[in-house]
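What follows is chain A paired twice: with chain B in the first complex and chain C in the second.
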Partner chain A sequence: MPDYDAIVVGAGNAGSAAAITMAQKGLSVLLVDRSDPPGAKNLSGGVLWGNDLARILPKWQSEAPLERFIQDKKIGFLTDKSSIIIDFKTKIFEENKVGYTVLRSKFDPWLAKKAREAGATVIPGITVESLAKKDGKIIGVEESGDIVTASVVILAEGINPRLCIEAGLRGPLQDWEVSVGVKEIIKLSPQKIEDRFNLSSSSGMASEYILGNLEELNVGAFFYTNKDSISLGIVAPMEQLRENGVTHTYDIIEQFKEHPSIAPLIDGGTVAEYGAHMIPEGGLEMVPKLYGDGYMIVGDSAGFGFSNGLVLQGMNYAFLSGILAGETAVEAKGKGDFSSDSLSMYRQKLENSYVLKDLKTFKDIRKVTNNKNMYTTYPKMLESILLEMLWERGQPKKKVRDILGSCAADLKMSKLKTATDFYYIYRRM
Partner chain B sequence: MILDIKERLGKTKYDVDKSYAHITVDESICEKCPHHFCVMACPAQCYTLQDGKLSFQYEDCVECGTCSVACDQGSVKWHFPKAGKGVIYKYG
Partner chain C sequence: MKMLKIAVMIKQVPDSQDISIDPVTKTLNRSMARNVVNPPDVNATEAALELKSKYGGEITVITMGPPMADTALLELMGRGADNGVLVTDRVFAGADTWPTAFTLASVADYLGGFDVIFCGEETTDSSTGHVGPGIAEFLGYEQATYVHKIEFQDGYFIVTRDIEGAEETIKVGKPAVITITLNANEPRNPTLKRKIEAYKKGIRLITNKELQLDPACVGLKGSPTIVKDMKTVPDPVKNPSKPGIEELDKVVSVLIEKGVVK
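What follows is the complex of A and B.
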């Protein structure tokens, strides 16, 4: 008899969601995390879409340590001197509060506590050294020479899945599969945040930008309001960083902070924390085999995430994949069968959910996010058009068609190239 | 507001494991590396070049794993720190 029905490695969103799902259905669950308190190594941009959380924790909105609900969502481009922003503020977000800013060092321990309350054994501060195998099956985990066994091991290690790689369950990560995220927490009083961003004591703002001010690098940036701090950071694709070869990741975030439209927003604030984390960007192509005899892979470890340059999501995919793996384990326990065949239901459930549907729908999205024009030429083009249309310099006015033509010429883009490029992006976004 | 990287890292909390380096590099490989991309990629300035020679320290590592991808020469060996050691985010 194995020691547990299930062992979950990693108490992030995916791991804890899996543990809660299984414990609620009466499975014996061990949830281990290498940090103490659990989740203290975890870092995210910080907007959590919690629809799926309601499946296992219906009262999450009133119980979880959340920062501010997203009432105001901005997306836009920054050039050297300009910012071009769509500011979407809606009552709909206020009437259906599902998006919140969170700080993971507060949120993750709460989620792990919920796993404990559901009946899971939660042990933080344990670094699993390797996966225990027998006859080609994963049978448990190993730490300091001790083996703890389980019918199924759920791997929720995050984006740097050392156990999966060492056990050959997925290959080492490649440049095209990841971006480097760099983040700072800037302390600012609630009063300043609410005045500066026109917010109430509970509402918040989330912005995502394409940085058109960095030559030769397709970098995105984010800026979110917490209760009494700002989460801001940059996301730089590894492929581009390597190709560029001369830019330090830790300098890019400071360039973002120095931008004329960003600097005033954090004026008077103090840096409270600096951190970094990789982000899965490889889409469907980076998803490994998600299950086998005695194991399933969830969350970032499985490459689940969505990014199109202006929208960046991962925590929702973590919750849902964790829940679906948990449900699969519950069914496997019912059948008394934890073989690869039985656990293939996990893949089936993912196929039927937005997790794999999104990855399939947007399988070509990297061709958009890798398009250099998206990050340099088009933001500049947009800036030129707006300058022509919205500024008076004592010059004769031009039609939009002519403005576009001359902007394209200035930026050495033919009209045909611009048009086909737009169509290409439009087809894939 | 713009801070030097060392100053920024000073804001982050660690419980450094003085007896175990969770990342190791093979100096003989780094010596022949044509790009030293790790120096640019590492967000915590753990990799620096001094007189053309790569210097590495793990104490400021925030455990993002970037170097394990950045190094395509087989020099970087990346393991999780021992139980509870390493970076401890207060905000995350």
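What follows is the complex of A and C.
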């Protein structure tokens, strides 16, 4: 008899969601995390969409340490001197509060506590050394020479899944599969935040930008309001950073913070924390085999995330994949069968959910996010068009068609190239 | 030989790496700090584990603190301590070193006394070093402070103490309180298996219902210390005449002139 029905490695959103799902259904669960309190070292941009969390924790909105609900969502482009932003503020978000800013160092320990309350044994402060294998099956985990066994091991190690890689369950991370996120938390009084962003004491703003002021790199940026701080950061593709070799991520985040439309927003704030993290951006191509005899892979470890440059999501994919792996384990326990065949239900559940549907729908999205014009030429083009249209300079006015033509010419873009680019972006987004 | 009955008195403290001084109120800002076991207490636990492995024994780690301090005990049980005892009660809150030592001594007594009680030399959040000796006094145990090496021979502890600029080896009888210096040893890490066992076993809670201590002698009421003021020491003013690296030649010539170097 194994020691546990299931061992979950990693108390992030995916791991804790899996542990809660299984423990709620009476499975014996061991959840192990390297940090103490569990999950306290985890990091992400910080907007959580909680539809899936509600499936296992219906009262999450009143119980979880949340910062502000997202009432105002902005997306836009920044060029050297301008910002072009769509500001979407809606009552609909206020009536259906599902998006919240969170600080993971508070939220994740809470979620792990929920796993403990559901009956899981949660062990913090331990780094699992390797997976234990027998006859080609994963039978548990190994640490300090001890083996703890389970019918199934759920790997929720995060973006750099050392155990999966060492056990040959997936290859080492490739540059094209990930972006580097660098984040700062800037302390600012709630009063200032609410005044500057026109918010109430509970509402918040989340914005995502394409940085059009960097020549060589396709960099996105984010800016979120917490209760008494701002989370901001940049996301740059690892492949381009390595190719470029000279631009440092900390220079990029400084440039972002100094941008004329960002600097006044954080004026008077002090940096309280900073960190860096990798983000899965390889899409469907980076997804490994998700299950096998005695194991399943969830969350970032499985490459589940979504980014199209202007929308960046990962936590919801983590919750849902964790829940679906948990449900699969519960069913496997019922059948008494934790073989690869039985656990293939996990893949099926993912196929039927938005997790793999999104990755399939947007399988070509990297062609958009890798398109350099998206990050340099088009933001500039947009800026030129708006300058032509909105700036009275005592000159004769032009039709939009002519503005577009002259802008394209200025930026050395052929009309055909621009048109085909737009067509592909339109099709892939 | 009878197994040694060993206790380790520990405290959960905010991680000193995460503490900053609020520039306005000049008080310590602990809100960002996670809680850790007071570092010398980890050395004290290791000393207990080494003693146990050489001479046999049972180790009980004890802390007085809020309910969340249980994680500190579980952490040390994960390193090999056998039992964890959390002394928690609202009447114990706000205690300075006097009632803390008194309460912990009462707990040791309530648990039937120990052959040896280990403590860290001092805590990183108050740095008094009072509690260990205080426990010894309340219990009437022998004591040795600032110890980094322990042998147990013929019923005596042969301990080596750090005294400023030198070492002192003394012999103390049983029962004794021994306080251990930071970095006295290299603490072993917790293991998964031991931590699982610790969480399974859980910790024992002791409140004032069991101890029946006079509320006037414990917690804030029993604390004679009054903090009158707290000051932040300003950064030392940089000496404007302090020479830079570019003036190294000048410095050397002055030193030669004064006969300091030849």
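Here, the second predicted complex is superposed on the first by the 429 of 429 C-alpha atoms of A that agree within 3 Å, B and C clash if a C-alpha of one lies under 4 Å from a C-alpha of the other, contacts with A are read in each partner's own complex, and residues count from 1 in each chain.
Please note the rule applied: a residue touches a chain if its C-beta (ideal position, glycine included) is under 8 Å from a C-beta of that chain, and two chains touch if they have at least 3 such contacts.
All of these numbers come straight from a predicted model, not from anything done at the bench.
Look at chain A after the overlay: chain B and chain C fit there side by side. Once the two complexes are laid over each other on the shared chain, residue contacts for A:62 go to neither chain B nor chain C. Note on the composite model: angle chain B-chain A-chain C, taken at the C-alpha centres, equals 50°, rounded to the nearest 10. Contacts of A:40 after superposition: both chain B and chain C are touched.
Of the two partner chains, chain B is the only one touched by A:266; chain C is not. Touch criterion met: A:141 reaches chain C, while chain B stays clear of it.
In the overlay built on the shared chain, the residue A:395 is in contact with neither chain B nor chain C.
Within the superposed three-chain arrangement, the count of touched residues of chain A is higher for B, of the candidates chain B and chain C.
Between chain B and chain C the least C-alpha distance in the superposed model amounts to 5 Å.
Residues 36, 40, 124-126, 272-273 of chain A lie at the contact with chain B in one complex and at the contact with chain C in the other. By the touch criterion given at the top, residues 32, 34, 71, 75, 78, 189-193, 195-196, 199-200 of chain C touch chain A in their complex. Remark: chain A residues 30, 32, 36-37, 40, 121-126, 128, 141, 143-144, 146, 148, 272-273 touch chain C in the complex.
Within the complex formed with chain B, the residues of chain A that make contact are 34-36, 39-44, 103-108, 124-127, 159-160, 162, 172-175, 177-178, 180-182, 184-185, 229, 231, 238, 241-242, 244-251, 254, 257-258, 263, 266-267, 269, 271-278.
Of all residues in chain B, those touching chain A in their complex are 1-3, 5, 7-9, 11-13, 35, 37, 39-45, 62-66, 68-70, 78-84, 86-92.
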